[in-house]
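Every chain is named by a letter (A, B, C and D) in the order it is written, and numbering of its residues begins at 1.
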Amino acid sequence: MEDLYREIIIDHYKNPQYRGRLDPHDIHFEDDNPLCGDHIEITLRLDGDGKVADGRFDGKGCAISQASADLLIESIVSKPVEEVKQLTKQDILDLLGIDLGPVRLKCALLSLKVLKAGVYGLGEASDDLIE
Amino acid sequence: MEDLYREIIIDHYKNPQYRGRLDPHDIHFEDDNPLCGDHIEITLRLDGDGKVADGRFDGKGCAISQASADLLIESIVSKPVEEVKQLTKQDILDLLGIDLGPVRLKCALLSLKVLKAGVYGLGEASDDLIE
Amino acid sequence: MPLDIPRLRQDFPILNREVRPGVPLAYLDSTATAQKPLAVINAMDEFYRRFNANIHRGVHTLAEESTAMYEAARAKVARFINAPSAEQIIFTRNTTEAINLVAYTWARVNLKKGDLVVLTEMEHHSNLVPWHMLSAERGVNLEFVPVMDDGLLDLDIYRALLARTPKLVAFTAMSNVLGTINPVAEIIRLAHEAGAATLVDGAQSVPHLPVDVQALDVDFLAFSAHKMLGPTGIGALYGKRPLLEAMPPFLGGGDMIKTVHLRNFVPNDVPHKFEAGTPAIAEAVGFGAAVDYLETIGMDAVASHEQEIIAYALERLEEIPGVKVFGPPADKKGGVAAFTLDGIHPHDVAQILDGSGIAVRAGHHCAQPLHEKFGIPATTRASFYLYSLREEVDKLVKGIYEVKKIFG
Amino acid sequence: MPLDIPRLRQDFPILNREVRPGVPLAYLDSTATAQKPLAVINAMDEFYRRFNANIHRGVHTLAEESTAMYEAARAKVARFINAPSAEQIIFTRNTTEAINLVAYTWARVNLKKGDLVVLTEMEHHSNLVPWHMLSAERGVNLEFVPVMDDGLLDLDIYRALLARTPKLVAFTAMSNVLGTINPVAEIIRLAHEAGAATLVDGAQSVPHLPVDVQALDVDFLAFSAHKMLGPTGIGALYGKRPLLEAMPPFLGGGDMIKTVHLRNFVPNDVPHKFEAGTPAIAEAVGFGAAVDYLETIGMDAVASHEQEIIAYALERLEEIPGVKVFGPPADKKGGVAAFTLDGIHPHDVAQILDGSGIAVRAGHHCAQPLHEKFGIPATTRASFYLYSLREEVDKLVKGIYEVKKIFG
């Protein structure tokens, strides 16, 4: 449905607010979705209180993967890291405001998977992070 | 169908004319149907003109396998061996006078397979003999 | 509450069939394959008419719907045997492929020359030949728990075999000839105490008895949809997750991979790792409908109906002179009565019964070693399911008397 | 005589479906799986309603009828590819299993460390991963015939590879991405001259082109029913008889044996040797109905309709700014158009098209190495079959313009 591509997605895809890379950073993680080649890299800086001071994403891929990364970073800036750890699939769907089939869900959740692997300090991203 | 078990089959099964073993004999072969354990052994004596002078079958198994062996031997006694080599599946079906499904066909044709392997002097009976 | 069999039979179109004009079918061959309720037939029909698409990689609506239906079926099958998660259900073609999958993957990694696999004398060929092949290829040893005259396994000898620390105990939960319901939980417990993994051939138990893989603590369970009201072409392997995750892939191809390069690949996660190529999608949907149907009836109700029928069948059959039924008494077996009739070959028995529309099987029922053990080449086997009627038993008994008369 | 497509579409219930209310389906994903005509759906429905029984060992009427139907289907499939005999058709789950069967049996007997298998860069994962697995297990070497920029195989390099005396050349007759129709007969002839056996992945050719295994002189041919109007859960392997007869069995179990004892078995004759356990019986019946349907239409008519559609599709697609279609020109390819759209990811393209009911596929289409070769992660793929309409191409083109507008 074209409404899947509501302005919010196309807008965040074409004019992302948080695209880039923070250097130095406290947290860094990247991963890709082999099915379609989507790639997301996330860098975060924390403040002294365990909050996210700032964040950026970089990568390539479909509009949904890139827009959801931008929306996700937007939503976590100035949030406590402990809260970020609690984010779920539903939070992403709420940010996008749409329903997605299983294939596109993977696109939408790639950034969350990367983010959580980063804040948990894991060596590898696992699908369990986003279930 | 009970008519499959027309008197002719039950009769040849219960009162076979050619059950036994010829000794000495000119031709001997035996084989079985592993599916149901049917076993047939055939011995033949030839005369000087290449005809079947006499024949016997021995074995165990279902009524159809045993009756068709008896009917088969009956039909070849005093026939030229060359004619015996030409016998087909249809000849057996004609002798039995019934139609058979694939499983029971194997029962009915075991004696023909054994007979042909014998007259051809083969080391092993093959299904090609009865196709 | 007992099942309303006549009503339930209306769900199975084939049960109204006449084998020949005027000769209604009495289907007593459910151990070979079960008949299918409309719910199953229609689910597949509907799938092809409205949803059919290839799964797992598609973005379009049909592909998403098909994928969701396929994975929902997996979840239903998982729930049916109380698997901890749907990912522990691998769809295979049948029980046979499920057992071979374990033999080709788990066993080829974990068993080496001289290792012991314990089987039983009552196994179906499907749980023998894969191990024969492994034994010939790798020098693995096979030993067999004997079947006693009463059709039960000799557990003393089983215990003695366990002392030789087998790596695997693979056995059927229910014999498809004797009907014997084996003490599955106990056999597994003893195997685990001896350090062996366990594979249960559930081809007969999953369709007929409540089965709980967690309660049984079984490592692998194999079963077929077609024996439990579902379609042909699909079966399942359940496995404990750490085992499945450690196993190498079986068949290579689409879907079982995460990434493929020209010269190598990375396998996918469980269960997809074991499902190469386009799977039996419509069949999975039908399998899901079958377990839904069975759950609605309730497996306890199914089992107790079969208990009742087999008890009646044994009583009636054993009163016929010349009939010998193999296996344990009714309370130790499922709805299977394999018998011989003095002096009359099972093929003849089955064919004459077919003349009255009674469908029974004759032969070794893919359990040739068991028949060898009992010194017989074949038996005639009548088997029952949730739709079987006492009147069908009566018909069978009447038919056997006719056979005797014909051979008089 | 051209096909009457609108009339023929009446045979396919799903083609009348609306994806969402008011949005009719335009199914352009037949390369992934084909839709099914009523003749196929009804054949299976009827099988379950009237004939269902397990096959090959039964004496009763249903078992005999089922067996006859299953074996008749084998004969139909044999006739469809002009196999010399029905026994040379082995039913498998799909193309993937057919290729794995050869890899597990023929190849594991005939190939040893250092032997060479020649594949191509355009293979589907199903014709790559089984050889990766063999290579890792046995040290067999793999080499690849390159795909040139125009989507054709580089036959000069193929000839050079043949000079290294490979034991097997395994390749697809038609690419499922580029649509390239390879010169199958020539590739086989050259392979045989070099002493190599040949395996053709016919997953795309058998559904879409006339295929004659005797004219091609191919050693093994693998294909899937679901891509040729048939059901899921069944496919076939054709093989030359001496090869099949010399091959060891694949899966062990019921039906693939002649006799079984406790510790050994004797394999059955071909093709049963390779069909372990209860096969996909209803699916074979459906497969037979599918080839009947295709033969009634005529494979020449199918192929020329697809020629016409793909020529039109390429013409229309290539006039859209930013669209790049991969593969050779229309006269060298089947009905497959995989393309990229500048700056817009295939997943977005496919999903927006789905909004208009247009079902296309996006991704690497199980040919990741081919996409790597072309330096792209994914393509959008529209594919056609005998029921495809020019108007569906028009819809696709219109949809792509909408995508461009959305991403403006």
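Some observations on this one:
Keep in mind that, in the parts below, contacts are C-beta pairs under 8 Å (C-beta built on N, C-alpha and C of every residue); 3 or more make two chains touch, one makes a residue touch a chain.
Nothing here was measured: the structure is a model prediction, and the numbers come from that model.
When chain centres are defined as mean Cα coordinates, B lies farthest from subunit D.
Put simply, the C-alpha centre of subunit A and that of subunit D have 38 angstrom between them. Put simply, the C-alpha centre of subunit B and that of subunit D have 46 angstrom between them. Averaging Cα coordinates per chain places subunit C and subunit D 31 Å apart. Residue numbers of subunit A whose C-beta contacts span two or more other chains: 34-35, 103-104. Contact with two or more other chains is made by residues 20, 57-59, 61, 63, 259, 347, 351, 354, 362-363, 368 of subunit C.
Every pair of chains meeting the touch criterion is listed here: A-C, A-D, B-C, B-D, C-D. Of all residues in subunit A, those touching subunit C in their complex are 34-35, 101-104, 127. On the subunit D side of its complex with subunit A, the touching residues are 20, 344-348, 351-352, 354-355, 362-364, 368, 377-378, 402, 406-407. Put simply, subunit B touches subunit C in their complex at residues 1-5, 10, 14, 34-38, 61-64, 103-104, 107.
Per the touch definition, subunit C reaches subunit A in the complex via residues 56-59, 61, 63-64, 67-68, 71, 258-259, 266, 269.
Those residues of subunit D whose C-beta lies close enough to touch subunit C in the complex are 13-14, 17, 19-20, 25, 27, 29, 32-33, 35-36, 40-41, 44-45, 48-54, 57-63, 93-97, 99-100, 103-104, 121, 124-133, 135-136, 142, 144, 224, 226, 231-234, 249, 251-257, 259-265, 276-283, 347, 350-351, 353-354, 357-363, 365-366, 368-369, 372.
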